[in-house]
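Across the two complexes that follow, chain A remains constant while its partner is chain B and subsequently chain C.
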Partner chain A sequence: MNLIRVAKAEMLGVVRGIKERGGVLFTVCGSDERLWDHGFGLYYVFSLGKGGGFQTVATMVDAADAVFPSVTSVFEAAHWDEREIQDLLGLVPLGHLDPRPLVRPDDWPEGLFPLRKDFPAGERPPLVTSREYPFTPVGGEGVFQVPVGPVHAGIIESGHFRFHAVGERIISLEARLFYNHRGVEKLAEGREVEEAMFLVERICGSCSCSHAVAYAQALEELGSLQVPPRAAALRSTYLELERLYNHLNDVGAICAGTGFSFGAVHGSRLKEEVLALNERLTGHRYLFGTIVPGGLSREPFGLEGLAGDLAALREDWGETVAVLLDNESFRERLRDTGRLSREAARRLGVVGPAARASGVDRDLRRDHPYAAYGRLEVTVPVQQGGDVEARFLIRVKEIAATFALLEELLTDLPAGGIRVPLGELPPYTPTFGYTESPRGANVHFLLTAPGNRIYRHRVRSASFPNWAAVPFAVEGNMLPDFPLINKSFELCYACLDR
Partner chain B sequence: MALTWLVIQTALYLALAPLVLGYIKKAKAYLQGRRGPDIRQPYRDLVKLWHKETVTSRTASWITRAAPLILFATTLAAAVLLPTISLASAVYLRYGDILTVIYLLATGSFFLALAGLDAGSAFGGMGSSRESLLAALLEPGILLALSVPVLTAGSTSIRRLVGASLSPAVLLLPAHLLALGAVFLAAIAETGRIPVDNPDTHLELTMIHEGMFLEYTGRPLALLNWAVQVRQLLVLTVVANLFFPWGLALVPQPVSLGLAGAVYLGKLLLLGGGLALVESVYAKLRLFRAPGFLWAISFLGLLALVSRYLFRGAH
Partner chain C sequence: MLTILKKRWKTGVITPPNGELGPKVPAVARGRLVSSRVTPGAAAACPTGALSRCGSRAIKDYGRCILCGNCLPPGRDGFSPEWLPAFAQREDCRTWTPPAAAARGKAGGSLQIRMLDAGSCNACEQELGALASPAYDFQRFGLDVVASPRHADVLLVSGPVTRMMRQALERTWEAMPAPKMVLAAGTCAVSGGIFRSSYATLDGLEGWEGGPVIWLPGCPPRPQAILEALLACREKLRGS
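Let's look at the complex of A and B:
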């Protein structure tokens, strides 16, 4: 790992230097290292773009002086990461643009930080009287508030959306989303790395494979392991199948958001076909239990006939998407709705299809290849519109690209073993792994303890930076268009909070 | 005799309305390649709601309690005035007037909009405000379209209207067909269907009609849903029997009544299928595009009226 350790006071200068070299924030991790050092470790990982690799900047925050300079003045994308560190580790980012609590519930006692090592996992402290959350006040004649959630009318994950609107026009939206905290990162601590895989797969149902591969790759990177070519190719196959069912689902969801039932029904039907394919291949519809550190847990069950089934599915999808693209009443509904500017997408570090729909040409599969992507032709479609239509079209194009990738992978699947032993990993050494999930970068940052155990595990899923961008796409739109805009990002609440 | 017809009409509307909803849902499912819920599901839903606990917001006033009853009563009162299978009902209920029907429905809508505001929830208020906007824009369209048969009949009495439309010469008049088109589009808007509203949505922020119902539970909700189903059947009956009154039993005899019942069901199947088709092919309009759709209804109604004077036909 390309890591430099700097003093706290030099942080901002170094980070500015990285910004000038074209660096992009990749992940942030804070960790309680009082066990062997005098305070807390802070790690900022930056991507230096296509072929440029990564740069990690680490610093130490003294336990007696638990503050650190916020990098948000240079990389605004770190705003939620730093607020999370403040809530869970009790380190205060100085000069942060918005230092309000992010993860901490309103009735959680002050001065209690769950990710510190002296806070035992499973502890349930007595809750305090709820504090009033300071929403940004909006004034003016005719401005009214619309609170939505966290309990919704349909089967949706819990999140609270506070709108300020004049008539039907949205002036501002604040989203409070951290209602799904399961303490996954805390639960992982002290577990053997192989056992922790079961937790990792359950962070999120819809990008479980992406999480599993990112986590496994972090460990393989640390142990300097090369997974066998067959395992790498099969991992890419599974990851593309995951992208396929997610994109099919999301296209259907966008249709549902406009009340266009034809698209909604066929989206979920096609998704179901891929899920059934997943089950036939791995024994699990959502690909659980297939990825292990060092390779795969077993050979796939039914590779024969897979290529044919995918070709049939591709044709089926072709017929459906032709109807969607030709329906003017549907297309009109997407156009100009929920525009996220390229400038905002860059500033907030938006990832995945949402970034590519706003003209930000980034894809980890091409820029920092992993699994079998290095030897594959990865097509990265980019749209400039930044509206719901662009996010819809990006997915349509990526589905086509994924079918092509799967065909390429399956015609030329290497033979050989699928797993190598992990071996003894060096303790207290930072490492990270990543995948381009259907929603963008899933990054797993790890510190191990002796005996192949986890010391600290931070997960930054694609939903993390993207959720923060949704309000920017919503402002100026109509209230009834919010669900459609939200669906065009189709973000995950569980991934976000962990 | 009048009382008998009153009872028959009421029973017919109440019994048939959930089935029509079930049929439309089934037709939609069929068009989308799904199996869909059982056609009798709306009955089961009503029974289920009837046995559920009723929770009322602490901030709600008498309006919340009264609105379901008022909506149910006004809808039913309007419904019995329209002939379903026999003209006899219109003959005996001689106070049946198309304007009475329209404004009985409007009274129900008015109280529903009040009820949406009453509990003070944001969604109810939004639903009421949107529904009122659309209702205000829909009204001229409906009145213009209905003025064509009214002028033909020379009366707003339903009996006369039906009588006038029975003449085959009237049916082929461009004015009659244009008015029919306008009323069918108005039926889509009035029943809260795509492209104006989405009856199947669970997304509170997009709701128009459903938004006003969000605070209701248990029996009042069952009553509201039932009233809305009757209203849907009523709107379809206006299209079916005001514009195509053939098949109505002129004299109440068992044979002609049976035949009339079959024809009536056939018309409902056709119209319900039409609604399902429109709903499967189109996406919902943006909220502020919906008024454009409603203006189109008014315009169609105006065209119908103008063409009535341009092409008088054999009349």
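Let's look at the complex of A and C:
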């Protein structure tokens, strides 16, 4: 790992230098290191772009002086990361523009920080009546407040949206999320790294494989391991199948958001077909239990006939999407709706299809290859519109690219073993792993303890930076368009909340 | 318009006949753990405490099993494709007392569902969402997800019940008219699953005393299992 340790006071200067070199915030992790040092470790990881690798900047925050300079004046994208550190570790970011609580439950006692090592795992402070969350007040004549959630009208995860609208026009949206916060990172601590995988793949049901591979790669990086070529190729195969079912789902959901039932029904039908393929290959529709640190848990069950089934699916999808692309009234409905500017996408560190739809050309599979992507031709479509139509088109193009990748992977699947032993990992050494999930960069930052146990585990999924951007795309749109705009991002609450 | 009709014609009807809940389940599906295949002494390998440390019965509590296969020999072969049934009592998940076969696919009656995600990983939601797809089409059984608790007969809860969702769970339940019941869908909702004993969760509906609950373990329970459990709820409410 390319890591520099700097004093707290030098932090901002160093970070500014990285920004000037074109660095982009990748992940942030705070860790209670009072066990072997005098305070808390803070790690900021930056991506230096295609072929440029990564740069990690670490600093130490003294336990007696639990404050640190916020980097949000340089990298705004760190705003939620730093609020999370404040909530869970009790370190205060100085100069942060919005220091309200973010992650902790509304009834959580003051001064109790669950990710500190002196907070015992499994302890539950008594339940009390929740405090009112301090939403940003919006005033003015004719301004209505519309609260939505946390329980929603359909099959949707939990989260609260506070709209302020004049007539039907949304003038502000504040998303109060983290209703699904399960304390995953604390639950991981102390577990053996192999066992923690069962937790990791349940962070999110719809990008489970992306999480599992990112986590496994962090450990493999730490142990300087190379997984066998067959395992790498099969990991890429599973990751692309995951992208495929997610994108088919999302295209269907965008159609449903406009009331176009043809697209909605065919989207869900095709998604189901991919889930059935997943199950035939691995025994699990969402690929749980497939990835292990060091490779794969087992050979796939039924690779025979897979290429043929995918070819049939590709043709089926081609016929379906031709109808969608040809339908001008549908396209018209998506155009100019929920526009996220390129400037905002860059500033907020938006990732994945949402970034590529706003003209930000980034994809980890191409820029920092992992698994088998280094030897594959990864096509990265980019759109400039930044609206729902652009996010729809990005997915349509990525589905085509994924079918091509799968074909390439399956025609040339290397033979050989699928797993190597992990061995003894060096303790207290920072490491990270990442994948480009169907929603974008998914980063797992780890520190292990002796005996291959987790000491600290931070998960920053694609939904983390992207959720903060949704309100920017919504402002100025009509209230009834919110479900459509939200579906065009199709973010995960479970991934974000952990 | 013509292209839409053409595609519709070509696709045909994919929904299975009324007696069947959904598509055929492949033999390799991870439906339930086969007790006899569990490695002796594997209790320590279980991340959720579903296995017993002694005695003849390897599986202590199906309500805690997340079907990870860590207790199985390398390769993790030892699952049967049959899905876990819904249990009438939490205790039945331990004693393995499945309810009498539900009226599968029987026509008549309806059931309105309110969905509440109490911290799920999203897999249970996706399986419930799949029920609306033409491969399962739960509306053919008179089932539907409604937009208000006032219209609901059954509250479908997924996830380990987070601290932040506790109040929403109580209020949703209070808002529903009687007769009503809860379906704890998935191992998390039954016992907290892998998220048990966290500072931020409440171990599923295990300690909840608000009303009658049907318990459906699974990680996630497949759409057929959710559908079967919902039909069992329909029968139960019809009897009340």
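Everything below uses one rule, namely that the second predicted complex is superposed on the first by the 495 of 498 C-alpha atoms of A that agree within 3 Å, B and C clash if a C-alpha of one lies under 4 Å from a C-alpha of the other, contacts with A are read in each partner's own complex, and residues count from 1 in each chain.
By definition in this document, a residue touches a chain if its C-beta (ideal position, glycine included) is under 8 Å from a C-beta of that chain, and two chains touch if they have at least 3 such contacts.
Remember, predicted model here, so these are calculated numbers, not experimental data.
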Checklist entry - Of the two partner chains, chain B (first) and chain C (second), which one does A:Ser329 touch, if any: first, second, both, or neither? => result first
Next on the checklist: After the superposition on A, what does A:Glu168 contact: first (chain B), second (chain C), both or neither?
Outcome noted: first
Item to check | Which superposed partner A:Val265 touches (first chain B, second chain C, both, neither) | outcome: both
Item to check | More chain A residues in contact - chain B or chain C | outcome: C
Next on the checklist: Taking the superposition on A as described, I'd like to know which of chain B and chain C A:His181 touches: first, second, both or neither.
Outcome noted: second
Next on the checklist: A:Phe482 in the overlay: touching chain B, chain C, both, or neither? Say first, second, both or neither.
Outcome noted: first
Checklist entry - Where does A:Gly154 make contact in the superposed view: on chain B (first), on chain C (second), on both, or on neither? => result both
Checklist entry - Which residues of chain A are in contact with chain B in one complex and with chain C in the other? => result 153-156, 262, 265-266, 269
Next on the checklist: Quick check on the complex: what are the chain B residues that touch chain A?
Outcome noted: 28, 32-34, 122, 126, 194-195, 198, 200-206, 214, 279-288
Item to check | Contacting residues of chain A [partner chain B, same complex] | outcome: 144-148, 152-156, 168, 255, 257-262, 265-266, 269, 327, 329-330, 333, 337, 478-484
Item to check | List of chain C residues in touch with chain A within their complex | outcome: 3-4, 7-8, 10-11, 14, 23, 26, 28-30, 45, 47, 66-70, 74-77, 79, 114-130, 132-135, 145, 147-149, 159-160, 162-168, 172, 193-195, 197-201, 219-220, 222
Checklist outcome for this item: The answer for chain A against chain C in the complex is residues 105-108, 114, 119, 121-125, 127, 130, 150-151, 153-158, 178-184, 186-187, 191, 195, 198-199, 202-206, 208, 249, 262, 265-266, 268-269, 271-272, 275-276, 279-280, 283-286, 288-289, 297-298, 301-302, 319-320, 322-323, 326, 492-495, 497
